[in-house]
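Two complexes, one shared chain (chain A), two partners (chain B, chain C).
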Partner chain A sequence: MRLALREMVRRPGRFTVAVGMLTLLAVLLLLLGGLLDGLATGSTGAVRAQEGELLTFSATSRDSFVRSQISADTRAAVDAVPGVRSTSGLGVTLVGARVQGREEFENAAVWGYQGGVRGVPAPPPAGEAWVDRRLEAAGARVGGTLRLGPTAVPVRIRGFVDDTSYLLQAGVWVSPAEWRRVTATVRPDRILPPGSFQVLSVDLASGAAPDSVATAIDRATRDGATGATSTLTKQAAIDAIPGVKSQRGTFTFIINTTLLVAAVVVALFFALLTLERTALYGVLKAIGASSTQIVRGLFVQAVVVAAVALVIGEVLTLGLGAVIPREVPLLLEPGRAVTSAVSVLLAALVGSAISVRRIIRIDPATAIGGGA
Partner chain B sequence: MRLALREIRRSKVRFALLTVAIGLLVFLAFFMQTLLVNLLGFFTGALEHQSATVLVYGEDARRSLEGSNVTMEQVDAVARVPGVASSGPLGERTLTVRADGEAVDAVLFGYRLGGPGAPTLMASGRRPRGADEGVGSSIDAEQGFGLGDAIEVLPGGDGTGRPLTIRITGTADESRFSVLPTVFVPWNTYVDAVRLANPAAPEVRPSAVAVIPAPGVSPGALAARINREVAGVEALTREQAVADAPGVSSVSQSFSLIIGLTYIVITIVIGFFFVILTVQKAASLTLLRAIGADTRTLVGALFVQVLIVVVLAMAIGAGILMLAALGSSPVFPIQADPALVARVGVTILVLALLAALVAARRIARIDPVDAVNRPTLGGLS
Partner chain C sequence: MAALELSDVRKVYGTGDNETVALDHADLTVGDTEVVTLLGPSGSGKTTLLSIAGGLLSPTSGSVRVGGHDIEGYSKRQLTAFRREQVGFVFQQVNLVPFLTARENLLIVAELAHDTKEATAHADRLIEELGLAHRRDALPGTMSGGERQRVAVGRALMNSPKLVLVDEPTSALDSKLGAQVMELIVSEVRGRGTAAVIVTHDRRITSYADRTVEITDGRLAADAVTA
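== the complex of A and B ==
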């Protein structure tokens, strides 16, 4: 092991190629992971923030917030299901919002809610809103005004909240009455009857099993006189948001292929290195070094190459992240950096393992020409 | 050539590993480029392939058809702008429909029959002539949106209304929207469908105004004129509307960044591999030069090897792409375009040959005299 490290210290140039290639692959991995996280976080924040364990949609909405409608009667039926402690009504309308003093419109999702949203205080009074911090970058300030939609419905910013975006649109949290007022002017074809909401966030009684209660809710609404429902766990509701599942699948596939490439590149590099050192390994074996010691040295070198590449890759990615345009939804999080680092280290170990067989088969006799 | 092939035969593991590594990288480049083109087409195909060359959105729409709505007064105001040959309402709405026995999401595009907004890339059948007829996106034909199929728009609210049946009278190519099956229907059918989805809606507004300019008037000039003369709207040419649709620029930029990085990785992997190989066999190359092999022969052998590796890698990449296309879901069918694959392939080949120039330069600098200076070659140091 000491020998392997000494070689790296004395002849760092020999390992530059592998470090360079792995660095680029690490940047690729971190960018892919960052895009996936950025898309997922920006699309799902408002749903992740729901305190209710279940979300109830109307059955024909295909679990889409904007297409769902839950009437007051249906809500009463849901409230009566054993295991349901309380329900909160939710509705969302996607609008263009102008920040005070700015001409351009920003993307906003106006949520009408009755409470039960983690990190968002109780619904504000009429004409006010809790606003996602995403709009701060567009110039929004506490006490300032947002003008919503073409008729510029004004709402005063009461304060900022974090991580409540929906479909990459900043959450604007208002009272149900305010939400109805905005919807009536911005999207009149999406107005709901009085007392109706798009979705119910369902808080469960302690000890109630989410899956059983979800089934019971849908059975109760199907058999009753009210509209049928589709009740999902919060995670299932997140997966039902347009694009979330397919984005995750596609990016995971590309990330896994990139990891495979990293493993093959490391395999290629160490196969070449081993070939070059065959005679040297023969000498080492002739003077008493075991195959295990040599293989251990190889693994150490693979890990060091990967670790150096990861450090440089992380720095480069952070640099790129700082200059990438705002519309690219890149989110670089420590958790993703750790996962990527572990994956690359494993890929390096697996890749370098391809040379193990060759090392084991080296005959010490080659050191004195016995292999010739 | 023979020299190059013999070396490959003798160093199978080395070249196999390199070919697999490059093959996977080539696949990544093919896959991401294909995904990008497919994704952008599925996002905006219906918008790109309808007949209006100017689209007028609500000013707050942020150039999103889905986020836009205009009033009927604005539709009339646009019609009065000089230079407008024909115009009409264009509606876009995602609804729950039953197709092929299953409830699925689908987009309805509503346009006034005989007016702008009709599908332009007809693949089969005919455009709608009356109520409750529609043209489906041809890529979704197998999912119940094919010629002769009937889809049902399911009622919203409490779900107790009667579904609205739309008969598919034709299909159109490259006509999806928001990555969903899309059906072009008459404006009145669109209004009925939206009302069915939300019976409480007091009115159904058009999403945009679809406009065709008069002969001699360019779409760009007409869009500028509409923006000057009609309040509360933003007129765009069709090309602008497609390019600026939500998600298009961020998807393009994100993928371009990753694809660019993949090209760099491919170039560096090929370049460095052949440099290492050249350094490792420097003694043999010196000897070959000493016994009469000229630089052109040795460099030629290098480029032959690069060509073989890259061509095999492309075959691997294209093969995996085909498998990915076969295994893709009907919701997001990946379609490998041979022309696109060929374009990406040529780019990679050019980059590979450029990368090999570093190794070629090293070969060209080999001095045959070294053969008599090197003890390893039997010379005197």
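== the complex of A and C ==
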């Protein structure tokens, strides 16, 4: 192991190419991960913030908020299902919002809610809203006015809330009445009667099993006159948000492909290095080095190469993150950095392991010229 | 106790029509402080014999005893430990680790054995004795051929071996430097009361040995005392 480290200290130039390539791949991985996290966070915050463990949609909505409609009668039927402690009505309308003093429109998701949203206080009075902090970067200020939709319905910003975006649009949390008012200006065809909501957030009684209660809710509403429902766990509702699953699948595929490329880069690099060192390894074996000692040294070098590349890659990515336009949904989180680091280190180990067989097969007799 | 005893050792490469006998019923005994040159032309089997004596190759048949230990039945792991602890090698191409200093090239032997406690002092002593004190921190690439040979001799002696095996020590050197290297090897080996087998095709260096054994087509000729 000391031998391997000494080689890296004395001959750093030999490892520059591998470190350089792995650094670029690490930057790519961290950016891809950051984009995936940014997209996922920006798309799902409002749903993740629901305190209810289940979300009930109308059966014909294909689990879409904007297509769903739950009547007051259906809600009463849901409330009566054993295991349901309470329900909270939800509705969302996507609008353009203009910050006071600004000309350009920002995308906003106006939520009408009755409570039960983590991090969002109780519904504000008419004419006011809790606004997602994303809009702060666009100039929104507490006490300022936000004008919603084509008729510029004014709401006063009561305060900011965090991580409540939906489909990358800043959450604007208003009372149900205010939401109905805004919806009427954007989608008059989608106005719901009083007492109706798009979706119910269902809070469960202590000890109730979410899956069983979801099944019970849908069974209770299936044959009644109130309208059938489709009840999902919160995670399933997140996955049902348009684009979330395909985004995750696409990014995961690209990330895994990048990791594969990283493993191949390390494999090729150490295969070449091993080939070049065949004579040296033969001599080391002849004077008493075991294959295990040599392989351990190889792994140490692979890990150091990967670790150096990760440190440089992390610094470069943080630098890029600081200058990247705010429209790009990049979210650099420590958890992602750790996951990426572990993945790259594993890829480096797997890649370098390709040379293990060659090392084991090096015959120490080659050091002395073979059977002359 | 003899440093090396080869009894009826055969080494055959290939099978059937492709069979090549590299060593044919070889018998050789080297005393515990004896210096023996093994003289033969290229392809005579002398390197095969050296490799078998050093546990680098296993014989097809016959008995190999080094320092009283039968090694022909050793596993790969046992042979690795045997090479690390019982024998010293001086290779034809010197083969120092290019990114280690002279001192570190000696210490590598102890590091492989995870035994570095007394090794540092031992390495420093050897470096002094070999006249390399001023070059202890030099890398092989900056040393002369003679200095590299001296480091290689020091490395072979680091584990205080019972037997030193030397492969064509003068093949890449001019006659003057070759003579210096041989004097160094023989004086270091004799000074430690260690046995050595020196493989060569150069008849001139046989004068440094206690005894020369000739090898032709894998067969050892009768011993001849030369010193």
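The rule is simple: the second predicted complex is superposed on the first by the 370 of 372 C-alpha atoms of A that agree within 3 Å, B and C clash if a C-alpha of one lies under 4 Å from a C-alpha of the other, contacts with A are read in each partner's own complex, and residues count from 1 in each chain.
Heads up, the rule we're going with is that contacts are C-beta pairs under 8 Å (C-beta built on N, C-alpha and C of every residue); 3 or more make two chains touch, one makes a residue touch a chain.
What you are looking at is a predicted structure, and each value in this text was computed from that prediction instead of being measured.
A:R11 contacts which: chain B (first), chain C (second), both, neither?
Only chain C; A:R11 stays clear of chain B.
Output check: A:P193 vs chain B and chain C. Expected answer is one of first, second, both, neither. What do you get?
first
Counting only touches as set out at the top, which of chain B and chain C does A:L35 meet: first, second, both, neither?
Touch status of A:L35: first partner only.
Is the number of chain A residues in contact higher for chain B or for chain C?
B
Just chain B (first), just chain C (second), both, or neither: which does A:K285 touch?
second
With both complexes superposed on chain A, which partner does A:L3 reach: first (chain B), second (chain C), both or neither?
second
Could you pull out which residues of chain A sit against chain B in one structure and against chain C in the other?
none
Which residues, counting only chain A, touch chain C once they are in their complex?
2-3, 6-7, 10-11, 279-280, 283-290, 293, 363-365, 367-372
In their complex, what parts of chain A are in touch with chain B?
Result: residues 17, 20-21, 24-25, 27-28, 31-32, 35, 58-62, 64, 67, 69, 71, 74, 94-96, 98, 105-107, 149-150, 186-193, 196, 226-228, 242-243, 246, 250, 254, 257-258, 260-261, 264-265, 267-268, 271-272, 275-276, 320, 324-325, 327-330, 354 of chain A touch chain B.
Could you pull out which chain C residues touch chain A in their complex?
11, 13, 22, 42-48, 50-51, 54, 56-57, 77, 80-81, 83-85, 89, 91-92, 95, 97-100, 104, 108-109, 111-113, 139, 155, 159, 165, 167-168
Can you list the chain B residues touching chain A in their complex?
Touching chain A: residues 13-14, 17-18, 20-21, 24-25, 27-28, 31-32, 35, 58-62, 66-67, 69, 94-96, 103-105, 154-160, 178-179, 194, 197-198, 200-205, 232, 246, 249-250, 253-254, 257-258, 261-262, 264-265, 268-269, 272-273, 275-277, 280, 331-332 of chain B.
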